[in-house]
């Protein structure tokens, strides 16, 4: 397995302990995250060779962001320092009927003020075989969109596999760019599409429904529109409430529709980054297994992420495979 | 909505973290609470204009009790200082088959030694439109009973709506007063009765059963006995165990019986103050909605309280309405 | 009820808070445990008169291990100091699909290097009426096996009841001794066998299946082989996942097969030491009740242990009996 | 004593515990501060009637900033919500030879994007008798400068006393305004100048030295240049190292030079906000005492602030007076 | 060395971490203490055989108070359960110029409501050779005074040595008893007087000054008045501020005046219980050494106590002797 | 500056918070350390290129040890996994008159059971220009001694500079090897000797006194005995007590004696690893500066380490130089 490259913002996450609200205690915890970084770290925890490209602040917060990333063995040599502060998000983890809540402080962050000339893509992609991007990056700023676009073009030329998680978040995209147009440009070179009917509808301007049948039709139209796309993987979450979810996945790989069984997550610890854990499992899995087993691996990885606080999936390959082999009983390991 | 007045003891609550017992760690957390204060703070969190009347100790604990209450925007100008210490309660939060346990240190507290002449009710009730009391206060001491009685009389004269939560707790009432007799005096001027068949039986000396039919009959007899009472609201808790409850409510408003669906609280964080959250929701709701919607609002508020540590319900009106609109999935809010 | 003697290693347990992994925080908690000590402390919490025999390190860790045990009123006068360090185990508590994980640092510990001459069994067993041992001790080292064997012989001579929990853990037993042979020697003098078909198969070299019928057959063969054994008690755990277990038990006492209903533990806090809580409940119960009620008591005690962090069962007799009487609703105790 | 008005940014302060660095623990504490708010809260803790004018973010962080301020009884009715995030600063508290370090994330904050039309000064200054400002505000943005300027003009018209702490911090002032020019405009209406020769040199473009003689000369020139200024107060810190400071003060009130003795702070807990505590002591003292005693009060208040974590001075008037009366022995108060 | 008996209230101490105030964090720590218990535990930590006589609440707080005491090996068999709550004190630890502050909640506590018939002194004093009391106990309530008096009489009859620390705290003594009269009664049977000129003046109604000469004269008059008293020991604290103290001691033993050198405590961690550590050192020392060395031992023990959080002195005999031998450099022990 | 290689045990350090003892709280903190690793990490924090060679346990503790080291950018590619547990040490940090105390659990650790064939020195030393060792390693086990010896020989052949800190700790060295003999073998190839008269006396069997004159004579004899040694650097600590130290250094570089001024560390936070910080400063400094300035740099680095909890020196080159330039006032850095 070659070198996997991720590109995106590094955010400091600050949250009260457990299910507390900020008003309940002035003692809080921080982690680092960011959707693409989460994917990178998770793959590194599977044993993958990962480099993350980003910008961090030139202060003690930026320094510990780098230290945090380095501890997982992720290559930080293409992360540069900026005079702007690191983006921050504040999270209150909900419970049962109470949703989790996030406030962002990222709009003039070190990463948001990135521009294409600040990233030496030629150097950054060296030895890379796979590049992963998400729809968060182009939503942040014109500079972020342009920088990503430059990277994708070069990656395509160099023959990297490109996976796209075009998550659409309407609250971002405030700088004037039309999301559909931007995603259309960026998807041109992508190979693996990680998203469901909502994301496809957003990109194509269509209105497909949720059924498996419509998912397949939507996927076919997506592939027809973006011929570089070969496969579509859709992670499906069923939320009984904030504390009890079920996860399954379905796929269309151009020839075959498959779906997995629900994994029952009866006591959610932290749902942030579970989608990223799915992407990471998929990127790892597609390089080790066939499409269906890769999707199963990704689903189990995603399910495991719900048991870890923070953005990061700490699951190892053995822990994921243990679930795939049917052992979901959580028996004590000595 | 006018000014809502609450009157009752302010208690310091001390508890170990999470589900620990005191013997497991010498690091503990404190909050402030007290059934009527909880109601007041919850209404303030709904945006209401609230004043709380009480007595606190003249030391650093009393000072921070005031600071704690003030942070919610509750008017503390009718809370006076006493030479006696603030009441304390020690709580161990249970789990599954293990009940939560409470020990009190309140019997000679700043509030217990209150007497009618210490409260300037005329001044305290100024601009008030609603007064809420509970059965805890008259149980604490003769002075507390007399002071409450004086306040209720004046409130009646001034035309305030009076809501009563005549919770009966046999472990209190140690100073010689007959509970039934006391409650009978206090209920004379009350308008809204927040309680079920147990509370009615206690007050009337009857033995109604739990069925809806008996609830209605009991409510009718209650209203017949206390003509000022217009409506009866009963919150019903079904406990599978310490960690898994269901909440619903029923009402008789003199003409109509209604009941709500169960709200399923699969992972209880803290059940203290959930009844108070119901009362607060009702007091707020009855001033905004019809009786049934007020009860629904109160039930959802009560359900949400189970997700917050401490005595206080932090839920906002929007969060409660979100549940009423059917969104109980706890979806992340960005 | 006379004096109950337990013999075995005291371990320091170090674990991150809640469901965290060590990599997530450098702030951790420690408790003390060890399977036989857990049994002893639990019986002391039931009001029993308990002495624990062991060895601890001659440093501040050994000192606080003693202080920890003393706080429960357990007699520590037969615990001696050794120049070797106290054994340590590192625990990460899992959640849902993620198993808990344990690493040990015990192989050259104060207890592992015990030898028969270091324990004055004559003195240690004074006033004892019951001795409990487990299969962990003979697995640790030749010295531990020999020391236990010496103690069992003397206990038998002195007429103590001997209960055995021959838990088989293959990862231990590294010093060359054949487990089956060792257990055969040790079981010769035992009266109460706490274990199921797996443990019986291990001891007898048989292959009985899990059904009640086979359990009874296996028990009969066990008793036939070891005539001192009078009763067999088997605790059965059903794990939906790391966070949701069910517990029941079954028994064969030479004349009667009985089994209990499942107790549903919907939110597991900590499963370490739950088997020990069962043993403790049984040892206490068999001295107070008939065999079936003792087993019910043990099952409820075991279920309650799942709600406490750490190795120790804090449940009191009243709390256990409360569950036996059918109150599993976890209603708040004031 | 009338109503004291403070105007300035509210910052969230995030710092590791004790003397730790961020890299040493992911558990951190937050407080709220900001130089003018610190002054306001300190005066409120002296019993003063204080209003703070500012802007906070419209999210849970802004909400708790308000709650934090409210707990001290400070009037928050002129603090408005903004769509921008709250400013944040990250602090590592040094020790001995190691300096404390601060990183800011405030340049596009809720307050920085303030403009004069967002503040209803007429309403905000109602009942005000004193307005305090610092040199931080005009350094933040053109909008902050203009808004402050508008407020000062109206305050002057309305006859409020105006105190100025023109702290010069070169790292701010990035938006193009010349600091000297800005301060010259703002000082035109000020009455009390809180600063020393450095600040005077900055404003006048002079080069006075540190001696008392030069301090008096500089003060005279300052008063000559800004006739509204009546008095100059200068707090002097002598730092042996990060953990051991001495504090004294000197003044020129147009007719008299005075200076206080050193107060020896042998174990500094937190030096942030100590200058603000001096300003608060002065504003309070000048309304209660003569100039020299006010300066003594301010020095003792400043010294006490070094013993509290966070930005806020919790000292009460009695505690300050206790030091003035010569009791610096820290004798236990029961 | 025989069995040392201490008699007095057990208090729960609750305090914020480090130098924080309660308003700064809702996370606090608790310990148990009480002046006579502190003496007992400290002697147990020196290896002494100690029994403490007291009353605790019949709830989880009383239970853990017992567990806390038991961990030090102190005999708790003469501590009985009461229906009243355990006394609590709230402590804010000061720093530098800021005094520590204490609020009590003890006036109707389990111990305060003690009466002579509740203590079986005959049984409690069994095997006792030394009884220690302080002036706190008779100040709490009539019952406490009477109970202590009964104990002292029996102790005298049985020939125990009686040490008295007649600390006078005017804020207590609210129940009507004249302190001087009470102390006169109680001192009649005492042997060792631990106190200085203030305490002697209080007892005798004299006005001796602080000089060594007057100390000796005062001691002589004390011994003349109370012939059972043989020796007077006076611990002298010099406080530069809350964080920097010096400790020395002086004595008059009927024939000889001696004083020790100052021990310099440059960084006070916690001064609560340091007087009790002196008493404990003295009681231990007088049974091992001559009077002067006992006083030196007591002073060093007292000095060491300043380095431990909480009421309890954890110092061992070796650690105290290490200081007596001149090693105050705090060199690392491996 | 080339690649600096360090070789030695990685230890997990577990300690209570602040100055607490283990008995005071079951919440503790862990870091990783080990004398040679401390040197390596400190050099990495100066910007150096560092590789550490060691063995860690094959469990979650070993994994996070690696992650901990990686975060500083230290190359971990020559650290291998072992089936033995990681060494642990338990530390109680003293205060004032109370010494810090350490207990070890390292005698059968992953590193102690190292043997020469487990380390591929050829590969490990690749690109190395400097190798640092200490006297701890040969004291641990025969295997550790032999492995170090093999590495030193190869390093000498390859022309690396070799620095030796032959700290002698008598409590180790339990496996039978004579320390003087071992150190004599290992020093044969060393270039820089970091130690004072005690260490020289230990190695040479001499009895030099502490004066500068004797230090120079001892150094001369050392260099005469070990001709590869070019320079001797001696760090001198003066301890007023556990909380107040002074640090200075002296050197003999074959031609010149120099010594530095005392640096006054009035409030020691953590003294563990301060000697390692000196070594790291020296290794870094000798590659950047002349001998005297390198020693000054080392002393300032050592002094700064006293302000950080844990084994590791976080000081950067700028922070050290700031002190060298005379700024020891700890002025706040924004």
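Brief remarks follow.
Note that the chains take the letters A, B, C, D, E and F in the order they are written out, and that residue 1 is the start of every chain.
Here, a contact is a pair of C-beta atoms (placed from the backbone, for glycine too) under 8 Å apart; a residue touches a chain by one contact, two chains touch by 3 or more.
In this text the structure is predicted, and so the values were computed from the model without any measurement.
Ranked by distance of CA centroids from chain C, the top chain is D.
Two chain pairs, A-E and A-F, are weighed by contacting C-beta pairs, with A-F ahead. The chain with its Cα centroid farthest from the Cα centroid of chain B is F. Where chain D touches chain F, the two copies mostly use different residue numbers: shared numbers make up under half of all numbers in play. The distance from the centre of chain B to the centre of chain C, with each centre set as the mean of the Cα atoms, comes to 45 Å.
Per-chain CA centroids place chain B at a distance of 62 Å from chain F. Listed for chain A are residues 18, 21, 23-27, 29, 31, 67, 71, 101, 104, 267, each touching two or more other chains. Contact topology of the protein chains: fully connected, every pair of chains touching. Of all residues in chain B, only 18-21, 23-25, 94-102, 104, 169, 171, 239-244, 267, 271-272 touch chain C in the complex they form.
Of all the residues in chain A, the ones that touch chain E in their complex are 24-27. Residues 67-68, 70-73 of chain B are the ones touching chain D in the complex.
Listed in rising order, the residues of chain E touching chain F in the complex are 18, 29, 31, 71, 263-269, 300, 303-304, 306-310, 314-315, 319, 322-323, 328-334. Chain contact summary for the complex, chain A toward chain D: residues 14, 21-23, 26-31, 57, 59-61, 63-64, 67, 85-86, 88, 90, 92, 101, 103-105, 107-108.
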